[in-house]
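Multiple structures are listed underneath, in structure tokens.
The two complexes that follow have chain A in common; it is paired with chain B in the first and with chain C in the second.
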Partner chain A sequence: MKTNRMVSVIWHFIIFTTVVILIFPVVFSIGVSFKPLADAYNNVLNFIPFPLTMENYAKLFHTLPVVKIVFNTFIVASVVTTFKLITSFLAAYAFVYFDFKGKRILYFVLISTIFIPFTVTMIPNYLIVSELGLIDSVWGVILPQLADAMGIFLIHQSMRGIPFSLIEAARLDHISHGRVMKDIVLPLVRPSVTSAGIWFFITTWNEFVWPVLILKTVDNYTLPLALQMFISSEGGTDFTVAMAVSVITMIIPLALYLMFQRYIIGTFTSSGIK
Partner chain B sequence: MELIRPVKTGFRVSQKAIARLLLFPSILLFSVFTFWPFLYTIYLSFFDWNMVSPKKKFVGFENYVHVLTDPNFLKIAVNTFLYIAILLVINFVVPYIFAFVIGIVLKKWTSFYKGSLFLPAFISLVVGSILFTWILNPVSGPVALIFGWLGWEMPVWNKAQGWVILVLSLITSWKVFGYNFVLLYASVNGISKEVIEAARLDNIPLWRIFFRIVLPMSSATGIYVLIMTIVQGLQYVFTPVKVITQGGPDYASSNLIYHSYHEAFVLFETGHSAALSVITMMIFILLLVLEFKFVERRVYYEN
Partner chain C sequence: MKDIVFENVSKTYGKTEVVKNLNFRVREGERLILLGPSGCGKSTTLRMIAGLEEITAGNLYMNGRRVNDVPSGERNVAMVFQNYALYPHMTVRENITYGLKVQKVPQDEIEKRLDHVLEMLQLIGCENRLPKDLSGGQRQRVALARALVKRSNYFLLDEPLSNLDVQLRISARKELKKIHDLYKQTIVYVTHDQIEAMTLGDRIALMYDGKLQMLDTPENVYNRPANVFTARFIGSPPTNILKINYFNGKVHIGSQSFTLSDMWVKHIGRKGTKNLLLGIRPEHIEISAQPLENSLRGKVKYVENQGNEYCVYTNLEGQEAAVISGHNHWRPDELVYLRLSGHRIHFFNAETEKSIGYPEALLDKQSPSHENIGQRMSV
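Now for the complex of A and B:
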């Protein structure tokens, strides 16, 4: 099987190169965020931070209300995640265990909203948020993001896998829906609820398009907006500080990645999208 | 009528009431933030308005006429299809092949590959945009330096027609690639191993295994990723366009999504923006219908 070996080597090379291209920017930014500006400019290719300096972070904390911005981002991400998980879980439960008129159509319509481009809803949503007096507020960022069918879809897929007889038996024993949900269904779908939760948290943490319309003052910014202030196509004089903001933006998602990466891939692999 | 019946006969009634109660939060949220806005955008597309004036002037199809006859429209439409084409190659075709190779051909390092290809999916695209503007800086970035040693010239991509779309698509792909790969991998990996082993024992070449077995048997997920690559890919592209080029130079990196945003929140022409959004939506629906007509029929569903 000589040809097979050659084929393997070539593919390993191609895929490994792709991995390097994808991972390199992350490693690079972490390294550069600890380098003095002059050094970063003169030794472009050397991203190992030696001499190591904290001056970029010091400067960043000096120019921006970093703690407040991280706090805003955290509030938005946790509130959106919590509400989306609860409403999605309840809706998925209704779709799986109840029969009612128009169920299939309602499910189809809700899931179809995944395919609606954001531009189709952005002006009216902006008007709603403005009408509620929530422009430049984290609540204005939170509210429209709660309507997302992805959670209903993921949890629905995983609930369908539970043997129906289990729920039927519990119902015949007069166990309330509340307890069936909490003691039978939730433990069984916990992996996909957890994965969906982590995924929502990261997506909302990283969300840029909607907050950029709503938030106006630096004090109310979320991390991706703060980061955008440092972009200029010329590279910018505050390049190393920009790398420091990037690192702060990445820390939580990277930590969640290290903890849950296998878990999330596992959920995708077992539940699958069909 | 049914609702006032006593508990004994009302078992099914109370069931319905519970279902309504469970669905109520979702339906409320979707009505307020998705369905109503959807209809209101269609409504706005027939009016001349600037988002602040108390009066909206009914103009019929004038906004559509204006948008479609705008000298930049053709450019923006062509850009949109260029983005779609590039994203389809990088975020659909390549991850599909990778899923096949990592799931079936290679035996070693597969979980390392899966994990590391997935990593950028966790990171903000604004981070990606800022990193790549530096790394791909045509004068002082690391790639430009390496190009310099090799005697190549790095194109000034953020100022050049064509190049700018390619680079912005690549930046977007940095984030989307791994996510699509994981979905496709899950599906490819779910195919019965016996079928593939049998084919390999018969010395059937890999490309034929891919086209004859893997592609048809993973097509349900394949279709989903294909549609998402188009629909969400264009929306993901918004971020690098907004932070790096703002649609420039001279609309060279704009697309239907970005232009719709630009009309609404930079030029305050809600009518034009709404008309563009409706046109974008129609194109997406057309793509979905075409897809259902020509591809879905042949899709293999496991259950």
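Now for the complex of A and C:
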């Protein structure tokens, strides 16, 4: 009995510490974003500022077209996520349910592209985007990201878990591939599609290196680029405003998650192929 | 004609030939059972009818039309899969009606057919449940219902009862017969269970190693096996196959012999086969502790209790012969006398393992009824 309680105390301690470590930066940045600059340097440990100031947000909205930037980021993240999901789903479906020559080799080559570092494809991609005249456009950011081998891999793995006879039963009923995808396969792989979608959205939302290469004018910026303006600006790091950008960057995916939370959790709990 | 004709049909995967040169016809409205051990090609054969498996060589005709290249959806077949293949995210109602909805069957017609199968298969009350909330028997009935609502000409079943317990299997067999009497579809039914084959089949196609071994009525498959494989596969315990020498009208087993009846002597003489194997079912051997006329001497090896009777395994001149006995007097190493029932013997060519046929006098005799075989075998 005693040892059980001891184990439980240790576990709770570990969990508590992990939560604190994860939550701390969030609380810290929210706190700092509402502090005057001087206060931020002098009272570092005072997480909850008093009195609150909105001056950082005022400055931010004054210097940058924040709404436009949020909109740009949202467009990039949602278009990329949508297309990656569509292409991954279709490719995975073809790899699982169609037989064609060279299927295994093609799949192997495709999956091996996961291991190619971004820096290797960065320059060729830049040149293509530039040739297309898409420099300084969100579409230039979006275009090379419309497909993703990792997404194909994830969805492929979960599609393989669906008994093949389900698809055969549908074939016997003369049901088209489109209907099979929509009515049978998609509902059964929804958990992995949802997780891939969340993953795509967050990584694209936070993406920095690729947009910084493509986007030149502030009007076309995405949020991580705006953040960087206050960290390495010529007048020194504007720490508190940078935190305000952080909070905005963080708050939108979080709000989206909270909005769809029930649906997302439901996806993971209701699944289960027997 | 809703029949199915196999004409020199073969199927190979890479270099392995799983179905070899099949030639047979499934008659309109009959229940044909594809029976055989696992890996014999019976499921592949069924899947070729369904169009789920391509035909490597030969022709397959359905309803008089060559269907080698006709997609499964256009063959008008309904199939029940071994794992039922129910859509796990759809309710029973959705599972049953999904195909009809996609085919744009009018809603009132869908409802009519749904109500009918739900009632017939005792699924009323389960309409809104998911497959995972059903018992094995209910799932099997949903799979059956889904196939039935299509009202197809061909009904294909791939070991549909193999996941059910014995009681459910017996009731499901009855149900299937009832359904067939109602709809009269052409049924092709795959199973490795000979009792299922015997009780359900109008005819049985016994397959082994990708080849058709015998295609005939259950009575004939049981009583007139076409080859050694059929004789051994059908019936439990299996038919005894004994190595014999035949000369001067006598069957010699080791140093012993017994006299054959005239009709057999004439028949074997006509066939002219020298090298023979003798087959006889355990229930067609008489066993006695006292010498019998025209019998052979053996020694008891061990006795198996089969419930209402006993199977006595004996050593007959170094070969094993199983004998069914009504009582359990037999002790290991006991000397016994075995008499082989003359008109229940089968002879096979030892080289080809094919039956040499039967004397005409025997063929005229009526075979035991279908039901009796089922009972015998379910022991």
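Structural remarks
The rule is short, and it goes like this: the second predicted complex is superposed on the first by the 223 of 274 C-alpha atoms of A that agree within 3 Å, B and C clash if a C-alpha of one lies under 4 Å from a C-alpha of the other, contacts with A are read in each partner's own complex, and residues count from 1 in each chain.
Here is the rule we use: a residue touches a chain if its C-beta (ideal position, glycine included) is under 8 Å from a C-beta of that chain, and two chains touch if they have at least 3 such contacts.
Predicted, not measured: the structure shown is a model, and the values here were computed from it.
Contacts of A:Ala58 after superposition on the shared chain: neither chain B nor chain C is touched. In the overlay built on the shared chain, the residue A:Ile251 is in contact with neither chain B nor chain C. Applying the stated contact rule after C-alpha superposition, one finds that A:Met259 touches neither chain B nor chain C.
Touched residues of chain A were counted for both chain B and chain C, and B has more of them. Of the two partner chains, chain B is the only one that A:Trp11 touches; chain C does not reach it.
When the two complexes are overlaid on their common chain A, residue A:Leu132 makes contact with neither chain B nor chain C.
In the superposition on chain A, contact is made by A:Ile184 with chain C only, not with chain B. Residue contacts after overlaying the shared chain place A:Val120 against chain B, while chain C stays out of touching range. Chain A residues in contact with chain B (one complex) as well as with chain C (other complex) are 272-274. Per the touch definition, chain A reaches chain C in the complex via residues 163, 165-166, 168-175, 179, 183-184, 187-188, 272-274.
For chain A in complex with chain B, the residues that touch the partner chain are 7-8, 11-12, 15, 18-19, 22-26, 28-29, 41, 44-45, 86-88, 90-91, 93-94, 98, 100, 106, 110, 113, 115-128, 143-144, 146-147, 149, 152, 177, 202, 205-206, 208-209, 212-213, 223-224, 227-228, 230-231, 233-235, 239, 242, 246, 249-250, 253-254, 256-257, 261-262, 264-265, 268-270, 272-274. For chain B in complex with chain A, the residues that touch the partner chain are 15-16, 18-20, 22-23, 25-27, 29-30, 32-34, 36-38, 40-41, 44, 51, 98, 101-102, 105-109, 111, 113-120, 122-135, 137, 140-142, 145-146, 158, 174, 177-178, 182-183, 185-187, 189-190, 206, 220-221, 224, 227, 231, 234-235, 238-239, 242-245, 256-257, 260-261, 264-265, 270, 273-274, 276-278, 280-281, 284, 288, 301-303. Chain contact summary for the complex, chain C toward chain A: residues 50-52, 71-74, 77-79, 81-83, 85, 87-89, 98-99, 102-103, 131-132, 146, 150.
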